[in-house]
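Order of writing sets the chain letters: A, B, C, D, E and F. Residues in each chain are counted from 1.
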């Protein structure tokens, strides 16, 4: 392992720290994260049916995800508090596969990125779906919580499909 | 869909509600949830190496997961507040597969279960690992957040491997 | 003023205190509170129209109110933390009067009542409607936040319409 | 309803969103909100008397309101987190009418306004008064929670008395 | 070190855990903690003088301490959430020594004690005094944050003055 | 007492306020605070021994302190919310004296200082040590919570050792 391959969240003696970003430039940054909820076709049809009669499953999950994005620095110990300027969450239902695809997009103007905010948003939105569906399908599983894209900061655009290396953390 | 196949978190007109559990018996309940963090063998070896010199990656993730379990009812809109009596989180590192298996166990004596608390604990612990490793591996993915087991309440023991049906939600 | 007419939240020297309820009996308690949002017929029609195409105004307000009920003891300094067993919030729209009537019902099994939880729920739900409608009607006003009914505890049933006296606070 | 008459907090398909303010100019903004607590002359005199012997009713309500202003983005789902630069709350007691008038003023330098912060401050301060007085007057009512004035942003000064139209939301 | 001399908050491999208290008896418990704020005689006289004209220094500190007691399990990672039934905080000013003595008393009926709640209450009350006085005396120091007494639980009464041994943690 | 010797957190009538900092310049600011945990040599040796086998006492305390720094404006009523850019916490163990020295450093770019954030960080880290050691030493005491140094803002560098006067609060 090279020198450059090190945990920025650990000081030289291994202690956790909230990394100093006070000299980093404040730029416009965005991150997109996704997740998959795997349940049964029956549950998806039930959610869709509920939507027709103004059911609230996805509405509740969306609100939960947006509010969780704002709580990211409370939940993730070494995250910096950030004044988010945008949070949106989208759901795509696939009744055949029994699956819900979640996507969250966050923005900030600041010295550090919003990857964790987007990841936290999809995670908590997915957990909220789990909560509301667990009586119907206790085997429901959340998969593929991952970063899709980030822009802004020193490293500019990073996109999951086209990048393979590291060093996305500026 | 039968009558019994309905969302307990929605009232008859589709509005979200925190379900009334005031008449349910207060019993001892436990839930175990798991998750998988998929990264690279290099990152796992780095975490292990840091452990040797008292590095903090897993310690920080463990604390984050325990504290998140206590925040579950703040994060998941329709969860009941519960006075958790136990939270533990375990990690198993597999350097060959580049993988960390997480497991959380929660207990309460109360009228409703702690599935969401255990699921929230592993999710936030995994997100914290993501945060600390994202500069090394921005492609890190969290998979298989799922309930493994629950005990207590009207339905007694539910175990993922041996149960296939629903109705775990009492 | 008689001796009995005193603030239970102030100690004899006038200092605030979280009143000792450790010797009070834990009973099943419920409270219902209401509020009125006064805006314009046009805004109400807009909310109704949004509902038809699965708009989220009331769904967001409902979630906000439920989550706020769980935060009551964080917001109201001298409130006791309580493990709420039920929170529901209902809305009635009146397009002619340009008005939304809110009602919240909370339950707990505990040594003290849930009046403040129900009042906080309707207040924050109403503030959330205000937030989402303020671009349409900055003059929107919230009125008549008040307790309608409480049951449980030493004093039993109290109902706004039929009671005029004090002493509801056990 | 015209095109311009739409909910900025809902995306085109009706889903809730935290509106993107990342391209809005950061300017100095202020908002003033008010509320009325309606109780009995006896309660007001009791609060005044307590003040004489350094009672804490209004002091507790003031602290609660200031702290609540800082929690606004946690309570109102689609509010942006803001670094408030000022919060003050004032009370005017009217023993004859049995009434307390509350006024809160908030300031920020940022891309969006502080209306909800001022409204949340007066609401929670009023709820705190309700909590401390509910044993004396369970019929206490909170009325006229409303915005009085806002300055800053694209639309400049808006004042309740002199403005009747909408479009205050920039 | 004997076997019995071990950290209950660490599992056998050294990982942090929220200790299982699910089999402990729920009893009535109380704890009293104290702290000393050391500043200058001039600052104390200033606080006293402010009190005369209904100043708020101690009132704000008292509210902060009470609210912090309710946040203990959010602040101290391995603390169990508890439904506190009482919190009081007292201040004794000594202008000659330039000192404020703080004392907090907390109660709960539960399976574990409220030592940390009482200690957190005095600590945050003292920090709040520091905040309000730091422009007058940046050298202000907080000393002797310590437990004075605890009752309830398996070990019954523990009192600082008369006990010297350990094992207070049941 | 002179005119200039007054509480900036109190308005002229003695009411608490969150001081207006909207016209203060946003500069880079840092604060360092320290505290001492006084326990027994045996407890210190036990913590050290636990460290050798990757024990978590100081790791948990460090995370708790960092997270508490981010909660400062929630805990201290009149503190302004700040977007901290750095938090670090260090521990020095002295087995002979039975003592742990804590030091926290916080940074922000903003209109007001981070003294309270650094003081809150060491206080909560010390309380967390107390929590984990209280079964071993219920007499553990926290002493000398104090500001050591602050830089930035109108008054520039203030250092505990070399300054004796007041006026550090800009």
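Some notes on this structure:
One rule holds for everything that comes next: a residue touches a chain if its C-beta (ideal position, glycine included) is under 8 Å from a C-beta of that chain, and two chains touch if they have at least 3 such contacts.
Which chain is which protein? Per UniProt: A, B, C, D, E, F = Cyclic pyranopterin monophosphate synthase.
Quick caveat, the model's predicted, so the values are computed rather than measured.
Contact with both chain B and chain E is made by C, F. Farthest chain from chain D, judged by C-alpha centroids: B. Chain D maps onto chain E through a rotation of 180°, based on Cα atoms and reported in steps of 5.
Mean C-alpha positions place chain B and chain D at a centre distance of 37 Å.
With each centre defined as the average position of its C-alpha atoms, the distance from chain B to chain F rounds to 33 Å. One finds 16 Å separating the Cα centroids of chain A and chain B.
Chain F has residues 15-16, 54, 56, 59-60, 62-64, 67, 71, 74, 77-78, 82-83 in contact with two or more other chains.
Touching pairs of chains, sorted by label, consist of A-B, A-C, A-D, A-F, B-C, B-E, B-F, C-D, C-E, D-E, D-F, E-F. For chain C in complex with chain A, the residues that touch the partner chain are 51, 54, 56, 59-60, 62-64, 67. Here chain F touches chain D in the complex through residues 11, 15-22, 73-74, 77-78, 80-83, 110-111, going by the rule given at the top. Only residues 28, 58-59, 62-63, 66-67, 69-71, 82-90, 107-109 of chain F touch chain A when the two sit together in their complex. Residues 1, 5-10, 13-16, 42, 45-46, 49-50, 53-57, 59-60, 63-64, 67-68, 71, 74-79, 115-116, 119-120, 123-124, 126-128, 130-147, 150, 158, 160, 163-164, 166-169 of chain B touch chain A in their complex.
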